[in-house]
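I've put the structures underneath this note.
In the two complexes that follow, subunit A is the common piece, with subunit B as its partner first and subunit C second.
Coming up: the complex of A and B.
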């Protein structure tokens, strides 16, 4: 049984993260899919802490687009996990964009212009960081995609365009893009869902689902990490899939293989 | 094999007065190996182009899903140097800035105008929604790589699914049709993900094609949804292996179907005969904890065993009845055997078993038809 406070837990191993919090950069997109019964927010919080807490990577930056919660929400949660987001924000290592209180224009054209300006800010931030000495990786996080779609007048196509641009930025500047989306929002769609588009785009897909046997007190759900492997022009690594259970506690999350808890 | 047949068809190109051969590669999220197939076909065609074995003298690659740098590295890793690539490869870059956002931001000074193109022969496309402009770009770049007036070039589009995000199926179909009927296009191929589109879009693309290559899961997962311990190994297997079925449309209307398996490896993919054919060509012995087959020594010892009715010690060679002897021959033999019989009878007055083996020694469970030797 491993907690998220140890150097590397099952989730980090499945993602290919190193002990120093590095790895998982180099132009990758990580998609977290969750459901009402099993919120995947804890994965986002864990990844924020990992990306900010590594001592060997002092210039790495997390760019966070929030459509779901105010800054204080994340600050409170990360404090309990031992990470001071307020200080990181002041040090310009945690760049927080409040997308909740923006004035969203009507119509798709207005939405596209807004998205263009948001993308411009992200690209500028990433370019600035990459020019600093000792730069290794940046992280771009979006919480969450379904609310982003709502904000953009329901245009999933614009969301996909934005993700495509973030992905090409990630390829250029060695970033990791992390997005959270809700699987059950799209489950009743008759037409092919935009979530499927994102699954194609993503290099790593983490699914947070309830157990097949239903609710339990000791096990809150299961995580399935599908790592498609890295593909570059000169060769590809093999895709892998890992499955394990999790339990969300007050200050941390426990990850363990089925049946391994005593 | 199917993949080789595709490569040959693309290599041979268009006949005079006919549309260029067009290949659709389609896959789905449960067998996401279409991109590997695309890369393989691209590498094969490029190899034929660079060694002047193909009708196409160059290739125009329309990159939506992966960067021009990715393709340049891919083709360099297949023994093409940068100078050679510049002669016959052109890339329409619809990956870096498909909607012109970066250009707009650079013009207004918000971001730097850092070029991402390293020594690739890429032409930036800033409006992926305008398919007429895309068509013109493709044709213009194609003319740069052909060496003679009647020369032709190949076209590869790495994601028609991306085109369909920006444009309607009718515009996309029109683009592909126009390319196919262009008299300077030798061949074209494209990839799309069938589960991202409605049936009519998939059908429209397949109608335009002369070859449809479909990648399907090698293992069907139970109920397709939800992760359980049964599904996971199958899902993982489907990340590395797939069924590869190809439908060829002949000019005379005849359809030819071929299928095989594909396996991903570090340096690309490998095509092998379909699993059912592979199994029948190998031993059918099941994997159990006891030995069902003979070792070399056991086989030799078995060959030395003389069958009970054959060790009469009379020095004659063992005869095998093949069922095809003529009547006269059998009569001759009968005379001989009768003579023997009479001789024996005279000698001992005892009965005798005359045994003529009806076939050579065969292994148990062999597939040999026991009636094969009948002359019916």
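Coming up: the complex of A and C.
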């Protein structure tokens, strides 16, 4: 049984991140999918902590677009995990954009303008950060994509455009883009869903699902991590699929293979 | 739930500030949250204290039965008993009429006789049903004239007029809202009057929206507008000292919108009718004849924490205790007749549902 307080746990191994919390540079898109029964938000919290607590990367920035919760919610959660978001925010290492109170943009044009202004801010932040000495990687996080769609009155095209822009920014400035979306919203759609496009674009897909046997107090669900590998030069490292269980606690998450938990 | 005793300590950080626990109708929860009561003691217990301030509670209706109204009535009455401002919206032309159906708390006189009866009942119960009587019995009674966190409501008696007069009650008919921006503005105006001081909550408000996507509403076919409204309401409530409870009929929205709706909820409940004269169910469950309906708890609010709430049971039967108070009970399997070969899961670590239906995951 490994906790996320140790150097690497099953999730970090599956993601292929380095011991110091870095890696995932060169423009990667990480998609987290969850469901009503099993929230994947804990993965976001884990990744925030990892990205902010790497000692060799003092200038790396986490840009966080929140459509779901106010800053205080993440602050409290991360504090229990040993990460002070308030201090990181003051030091401009954690840049938090509160998107909760976006209301009624005037039709599609209003939504587009809104999105452009948000993208502009992110771009400036990342560019500024990349010009500093010792810069390695930045992270752009969105919580969550389905709420972003609602805020934009259902325009999934705008959302996909935005993701493409973020992805190209990521490639240019060695960023990691992490997005959370709800798989069960799209699985009931008849038409090819925007989620399929996101899955195609993503380099890593993490699915949080309940166990087939339902909910339990000692196992909160299962994660399936598809790491498509990185294509470099003439060769590609093979994509790997890993599956393991998890249990979420206040200060950490336990990841373990089925049946191996003591 | 018993009334909270105020904390008295010379080391208290809140010297000079009224502790939330002294404000009637509010109590501290974990992780810096504050709870208010749903008006149903059993539901408060299931949810770990009540409804969390700043949360959005969504109740999925059953078109075959109006049980969601019972939940709303108790929720609204509880707010009025605690003098909490109330906002109520419904598809009816005259929503104020609904206030006449809100229940009154059980009076002290009735309560004494109830305690006596409960004691007698205990000794008459058959042994294998002992489990529910070993659990904490909420003998709600007024102690020293203090108002309880959760009142015991008598559904047969309407709320006293004095509880309604002088109260801040805002009623809106959804038919009068030409668009959702109007409704949003009304909610926003209502919440603006509830003071917001961090660390010192003196008042909480309740928003109650009934049958939100009902066909009488002008916006019932505008799914994205409705989702947008709910998202905006959720944000509004999150930054206020209030709880919003909304009911809606899930069969009237498309499956993908239904999922988005469910994700938007902080606390998600659903009510289901129990079919009359279902012989199979009667054999399977004890007390089937007394059941009004079933309540499912799908999701519990996780504010300021990432740890999910895993309940021992997610399906409860709704019954009337003494034909007047709404109680929720775990489903208990009836003694299995040796001749019937089937066995069904009862309350355990797996989610319970004795009958699969459209509302089950």
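The criterion applied here is as follows: the second predicted complex is superposed on the first by the 256 of 262 C-alpha atoms of A that agree within 3 Å, B and C clash if a C-alpha of one lies under 4 Å from a C-alpha of the other, contacts with A are read in each partner's own complex, and residues count from 1 in each chain.
The working rule: contacts are C-beta pairs under 8 Å (C-beta built on N, C-alpha and C of every residue); 3 or more make two chains touch, one makes a residue touch a chain.
Quantities reported herein were computed from a predicted structural model and do not represent experimental measurements.
Q: Just subunit B (first), just subunit C (second), both, or neither: which does A:125 touch?
A: After superposing on A, A:125 lies clear of both subunit B and subunit C.
Q: So in the superposed three-chain picture, is A:101 touching just subunit B, just subunit C, both, or none of them (first/second/both/neither)?
A: Touch status of A:101: second partner only.
Q: Figure out whether A:153 sits in contact with subunit B (first) or subunit C (second), or with both, or with neither.
A: In the superposition, A:153 touches subunit C alone.
Q: Between subunit B and subunit C, whom does A:224 touch in the aligned arrangement: first, second, both, or neither?
A: It touches subunit B, and subunit C stays clear.
Q: So, does A:53 touch the first partner subunit B, the second partner subunit C, both, or neither?
A: neither
Q: Let me check the overlay on chain A: which residues of subunit A are in contact with subunit B and also with subunit C?
A: none
Q: Considering only the defined contacts, which subunit C positions touch subunit A in the complex?
A: 31-32, 181, 184, 224-225, 227-228, 231-232, 235, 238-239, 254-256, 258-260, 262-264, 268, 298-299, 302-308, 310, 314, 349-351, 361
Q: Applying the document's contact rule, which stretches of subunit A touch subunit B when the two form their complex?
A: Listed in rising order, the residues are 116, 119-120, 123-124, 127, 157, 160-161, 164-165, 168, 171-172, 191-192, 196-197, 199-200, 207, 209, 212, 222, 224, 226, 228-229, 231-241, 243, 258.
Q: Sort out for me which residues of subunit B touch subunit A in the complex.
A: 29, 32, 35-36, 67, 69-77, 95-96, 98-99, 101-102, 104-105, 110-112, 114, 116, 161, 165, 193, 195-198, 226-229, 232, 235-236, 239-240, 264, 266-268
Q: Which residues of subunit A touch subunit C in the complex?
A: Interface residues on the subunit A side: 36-39, 41-42, 45, 67, 69-70, 72-73, 76-77, 100-101, 103-104, 146-147, 150-151, 153-154, 182, 184-186, 188-189, 213-217, 220, 248-250.
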